[in-house]
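Each chain gets a letter, A, B, C, D, E and F, in the order it is written, and its residues are counted from 1.
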Amino acid sequence: DFMHALQNDVKSAFGSSKEQLEELLANGIISWGEPVKRVLEDGDLAVAQTKSSDKTPLVTMLLEGTPGAGKTALAAKITKLADFPFTKLCSPGNMIGFHESAKCQAIKKIFDDAYKSPLSCIILDDVERLLDYVPIGPRFSNLVLQALLVLLKKRPPAGRKLLIIATTSRKDVLLEMEMLSVFNTVVHVSSISTSDQLISVLDNTEVFTKHEVEYIQKKSHGKRVFVGIKKLLVLIEMARQMDEKGRANKFVELLEDEGVIEM
Amino acid sequence: DFMHALQNDVKSAFGSSKEQLEELLANGIISWGEPVKRVLEDGDLAVAQTKSSDKTPLVTMLLEGTPGAGKTALAAKITKLADFPFTKLCSPGNMIGFHESAKCQAIKKIFDDAYKSPLSCIILDDVERLLDYVPIGPRFSNLVLQALLVLLKKRPPAGRKLLIIATTSRKDVLLEMEMLSVFNTVVHVSSISTSDQLISVLDNTEVFTKHEVEYIQKKSHGKRVFVGIKKLLVLIEMARQMDEKGRANKFVELLEDEGVIEM
Amino acid sequence: DFMHALQNDVKSAFGSSKEQLEELLANGIISWGEPVKRVLEDGDLAVAQTKSSDKTPLVTMLLEGTPGAGKTALAAKITKLADFPFTKLCSPGNMIGFHESAKCQAIKKIFDDAYKSPLSCIILDDVERLLDYVPIGPRFSNLVLQALLVLLKKRPPAGRKLLIIATTSRKDVLLEMEMLSVFNTVVHVSSISTSDQLISVLDNTEVFTKHEVEYIQKKSHGKRVFVGIKKLLVLIEMARQMDEKGRANKFVELLEDEGVIEM
Amino acid sequence: DFMHALQNDVKSAFGSSKEQLEELLANGIISWGEPVKRVLEDGDLAVAQTKSSDKTPLVTMLLEGTPGAGKTALAAKITKLADFPFTKLCSPGNMIGFHESAKCQAIKKIFDDAYKSPLSCIILDDVERLLDYVPIGPRFSNLVLQALLVLLKKRPPAGRKLLIIATTSRKDVLLEMEMLSVFNTVVHVSSISTSDQLISVLDNTEVFTKHEVEYIQKKSHGKRVFVGIKKLLVLIEMARQMDEKGRANKFVELLEDEGVIEM
Amino acid sequence: DFMHALQNDVKSAFGSSKEQLEELLANGIISWGEPVKRVLEDGDLAVAQTKSSDKTPLVTMLLEGTPGAGKTALAAKITKLADFPFTKLCSPGNMIGFHESAKCQAIKKIFDDAYKSPLSCIILDDVERLLDYVPIGPRFSNLVLQALLVLLKKRPPAGRKLLIIATTSRKDVLLEMEMLSVFNTVVHVSSISTSDQLISVLDNTEVFTKHEVEYIQKKSHGKRVFVGIKKLLVLIEMARQMDEKGRANKFVELLEDEGVIEM
Amino acid sequence: DFMHALQNDVKSAFGSSKEQLEELLANGIISWGEPVKRVLEDGDLAVAQTKSSDKTPLVTMLLEGTPGAGKTALAAKITKLADFPFTKLCSPGNMIGFHESAKCQAIKKIFDDAYKSPLSCIILDDVERLLDYVPIGPRFSNLVLQALLVLLKKRPPAGRKLLIIATTSRKDVLLEMEMLSVFNTVVHVSSISTSDQLISVLDNTEVFTKHEVEYIQKKSHGKRVFVGIKKLLVLIEMARQMDEKGRANKFVELLEDEGVIEM
């Protein structure tokens, strides 16, 4: 009954997995450059292999990149495009305050459900959070780690196929835990790192006028740029609320203050 | 039923959140200088962004400063001014003796309630205390830490907006725990650090006569000053009980003894 | 029911708080010198401030000194003189074998009771023992530590006033735990450190004849003296049982053997 | 009833032990060279000794090698060929999320069942996973370790014979735990390490045409080769989905990218 | 009921405390020299002080010495001679396999019972074992340690007097734990360290003839001797079973082999 | 009822203690040299002393030696020869998966039963396994350690006599744990270390013909030999299954491969 309550809790938390996927994609995927395209292609390949090969009924892919690089949204996008009959988001946000035991049970439940469908996709979001990892110590849940290490290797029952897409911003930690080598593919999710990519996002969000964009382009041209798409969208949102007069200039200053472009 | 009892316990502890906010502000906010003004402005901006933007329904702000700098009172002030339909104080004082599990449940409950209101504000007061942090070890509750790391990133359900204001005097520890980077804004709460700011507080409290204030001003002028508003108010309160004769002088001595102004 | 049994256990252990205060003062307070006077004065000030100021309804004082310096007895004396409507001794002796959870509950209960009275005084005796501190490790109860850190800062409900007097012989440990800075005042309880102070105690206990005291005075004069009042009283008690012949001399030898006066 | 539920859980997880053996062998055993032959021979010897000798009713064998070298499949093959009346797979995949206590019970149950049959074989798959081993710390379940150390030495009841085949990719760890010396035989499972062995696998899988194989042979000839059979089969499977034009070349590139053959 | 069962268990284990005292003294106390006399005298003094002084109703004494020096037997002897109305042996042998909680309860029960009698004596035997101390780590029960630290300082209720005699062979460990300074007196229990003391024991046990004793005396004379009385008695018992012919010589050889006397 | 079930479990595991003794001796004791004789004599002495002396009703003996030296079989042999009314094997094999609490209870039960018989013998087999010892850490059960430390010193009730024979291959660890000094005697169990001893075993097992033995003797003569009897018997058993042609030679090679005789 505890497990029962637990499962209901998980299910009803924020609606179904489909709805959760949609929410993760609420701000859309902006095609700001080659790196985005490549991740989506790698995702397509993994989806295709899962569907077609009988000899590799389990395909596992890890999306890794700095915080806010867009890992979760890209995992959601790939999963949505795959459109498998069974799709599940295994996310720390659905397991807040769970002890490692409850976490394991919740994770296992997701996999057990997936094993019942002929073709399934599971997103293991924010693996370091699923593991309750903290660098002081370091500490983490070994129970969850061992469960994941086994689940990432475990062949689904005969006739079942499963794609696992995991995300992390601590590739180094996963390496140390000997989890990295268990994945079939490890894909890097890049941050925005050129002025052109930055401008491409600005064009897309339609907050600034053409003139403003040109001004920002001139100001950022040839400078070092480094920012995750997630943070950039927050900064643009702040600009949206600024007075239009001098907004482009203030935005450039903001980008400099926040270390997005070099001063 | 344990959880039920627990929640009642929390609720009934010291009255409602509104009342608790009032108590935190019982001694008022004294405008002793620019730093105070700036923190309140930053708070206003965060409040505004929470209200207006649909793309950033979750806004998170950390007030950090030395012990007694006035962090909690300022968080309460900002929250009071925001006047959101749902306001909640998540404070260690309401969770004394709680094991980490009960703490997590209590915190989660506050967030779950907030997610039900269209516009909410949560004060996470004294984060290092919520985490049961102690520098020997160091030790802390990883269960609470992981819960906070997830809650500070978790998008509220569609149509809900949430402002989180946290306070801490251990910014360094939060950095080590990789919690600092999760906040949208980190705002520094200054201590009183000039003679003028000190005098401004004295003027405001109306314990000393004009003459006395002038005397203290002369004595402290040009000297290094450093004290949190909280401690300064206690010292002034002690002065209030002193004999009026020679009080100004004794007060200056007290400030020197306590290391508030250099000798 | 466990908590219920627990509380009865605590109450009935050794009688009421009043009786316990009396027992702590069974051997009286001897005025052996300035240091004793000063501690009592500091206590009076704290008592006065608790009573009179509305802005500082919580006053906290720490008595620290070497083992046996008389900290507990002095805390009891101050509390007795204050004669507040609610007085409670929070002592490790009432919590033997309690796990940290039970300890926390017992401590919390004392504070909750205090919060119901308009004017209360709580003695937190032997803080390092309340914390189950041991230097090997070091180990201590973080649950109790966190509870104390919060309780020492928590403003009583509107209209309530609370004085907390804590004692410790491990000021260094409390510093490391960041507890020291939470107290409003830290008062040092001195050991007996001069021949005159020693003689003052002897005069007072009336075990030795005038002649004997003079003999001891001559023998100890100009020598380094160091002993807590608690141990000194035990040694005097041993002398009381000695044969009167040569007693003064034997007592001096005893003091030397025990390292009370330099040989 | 918990234990009961547990056992049902284990049994029903993925079908019977026989079926599980079959699944482990779903991709067959390719005879790519001498090393494969030798492991199977060593297995046969152990099987023979278990059957015939009365003085050594317990025979224990460890298969060790790098991840993906084919340890589990070879253990399954040996066991299948032995065709003992009782065969059981003791695998981490059947114990996901089990606490060490439950794990111990599940393992003990398998041995207790084996002790009831005159001639039994148990596969202890992935010993480091059974032990919940992680190099950070390191951490592992001492309860499971101690159980295994005892079970690997415990003489079956009179008239019973038992063969234990264990697999591990962390021989070094087992040595440190003083488990290595408990095994009667330790057998190394080699990875593919010559161009000829690689070609032998390609011939066998029938994905590439004769021409393609010859091309790959020419390209890999004389170069250093190192890959486990498990990964090699995944890469071949990826090739199967490539466009036939230029496939051989792309495959060689893939092998180089993945570090299978030196560039 | 668990506690109830526990207490019965303790009581019925090996009979009453009186009987247990007798058993500890089954082999008697041999007066082999000055050191033995002095320990008994110190014991008498402590007994007298407990009885007579009203100001020191709690007297605590620690007997410390190497393993087998005779600490437990001497504590039993002193207690027996004191002949107090309440006498209790607090011994690890009555608490085998107890978790620290149960141990604490059992210890507390003994003290609570003692507090009910006007004049009591408690033997805390083998303190390091009561604490579950092991040098690897080191590890020990902090719960029991804290309980003892408090109980060794806690004044009995008005009108009650209590003598505590503790034994240990790890004085160094008790020092590190800050327990040593809590005792009123620390008394050293010596091992046998001269040929004369050795002979005195032999005379007393009446295993050897006069001639044999003289032979052993000649052989050991002037050599370094070091052995606890406990071990010496075992060795003498082994001699008792030897053939009388050449026994004295064989015994000397045994003493040399065992390192009792230098070769 | 848990304890009840537990005890039944222990009893019924592999039959009675007598039967278990027999099983430990299933392969017999081969008199391969002086060392074997000496251990058995030391055992006889301990048995005799237990029976005859009233002053030493508890006799404790430790058999220590490298893994497979024959410690357990020799302890069983001594016990069998003693033929005491109560005999019990306290072995890790009967406590698989037990938590330390259950282990302690099981051990205590064995001693409690022994205390009821006038003359008892307990074998504490594989002490490091009873302690759940692992060198990584190191880790071990302190609860079991403390229980053993106390039980090895605890005098049986009046009129009862007890012989404890313990075995270990980690004498160094027992020393560190301060357990070694608690034993009355520590006896070394040697491995086979000369060619003659080796040949003596071969003669005894009757696997090889006279000629073969001579051949092996010639080959091993003058070389360093080192092997425990347990492993040697396994190797001989392997030889028994070899083709008779060239068997002697192959056996010598096997001994060399396994490091039994130097190459």
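Keep this in mind: contacts are C-beta pairs under 8 Å (C-beta built on N, C-alpha and C of every residue); 3 or more make two chains touch, one makes a residue touch a chain.
These numbers come from a predicted model, not from an experiment.
Q: If we look at chain D and chain E, which chains touch each of them?
A: The shared contacts of chain D and chain E, listed by label, come to F.
Q: Of all chains present, which has the mean Cα position farthest from that of chain C?
A: Using the mean of the C-alpha atoms as each chain's centre, the farthest one from chain C is D.
Q: On a CA-centroid basis, which chain has its centre farthest from chain F's?
A: In terms of C-alpha centroids, the chain at the greatest distance from chain F is B.
Q: Can you give the whole-Å distance between the Cα centres of chain D and chain F?
A: 34
Q: What is the distance, in whole Å, between the centres of chain A and chain F, each centre taken as the mean of its C-alpha atoms?
A: That pair's centroid distance is 58 Å.
Q: Distance between chain C and chain D based on Cα centroids, please, to the nearest Å.
A: 67
Q: When you check chain F against every other chain, which residues touch at least two of them?
A: Residues: none.
Q: If you connect every pair of chains that touch, what shape comes out? Choose line, ring, star, complete or other.
A: The chain contacts form a single closed ring, each chain touching exactly two others.
Q: How would you write out the ring of chains in order, opening with chain A and then chain B?
A: The chains follow each other as A, B, C, E, F, D, starting at chain A and passing chain B next.
Q: Hey, which residues of chain A end up touching chain B in the complex?
A: Residues 14-15, 23, 26-27, 67, 92-93, 96-97, 99, 129, 132, 134-136, 139, 233-234, 237-238, 240-241.
Q: Note which residues of chain B are touching chain A in the complex, please.
A: 48-49, 52-53, 55-56, 101, 104-105, 107-108, 111, 138, 140, 142-143, 145-147, 149-151, 153-155, 157-158, 176-178, 181, 184
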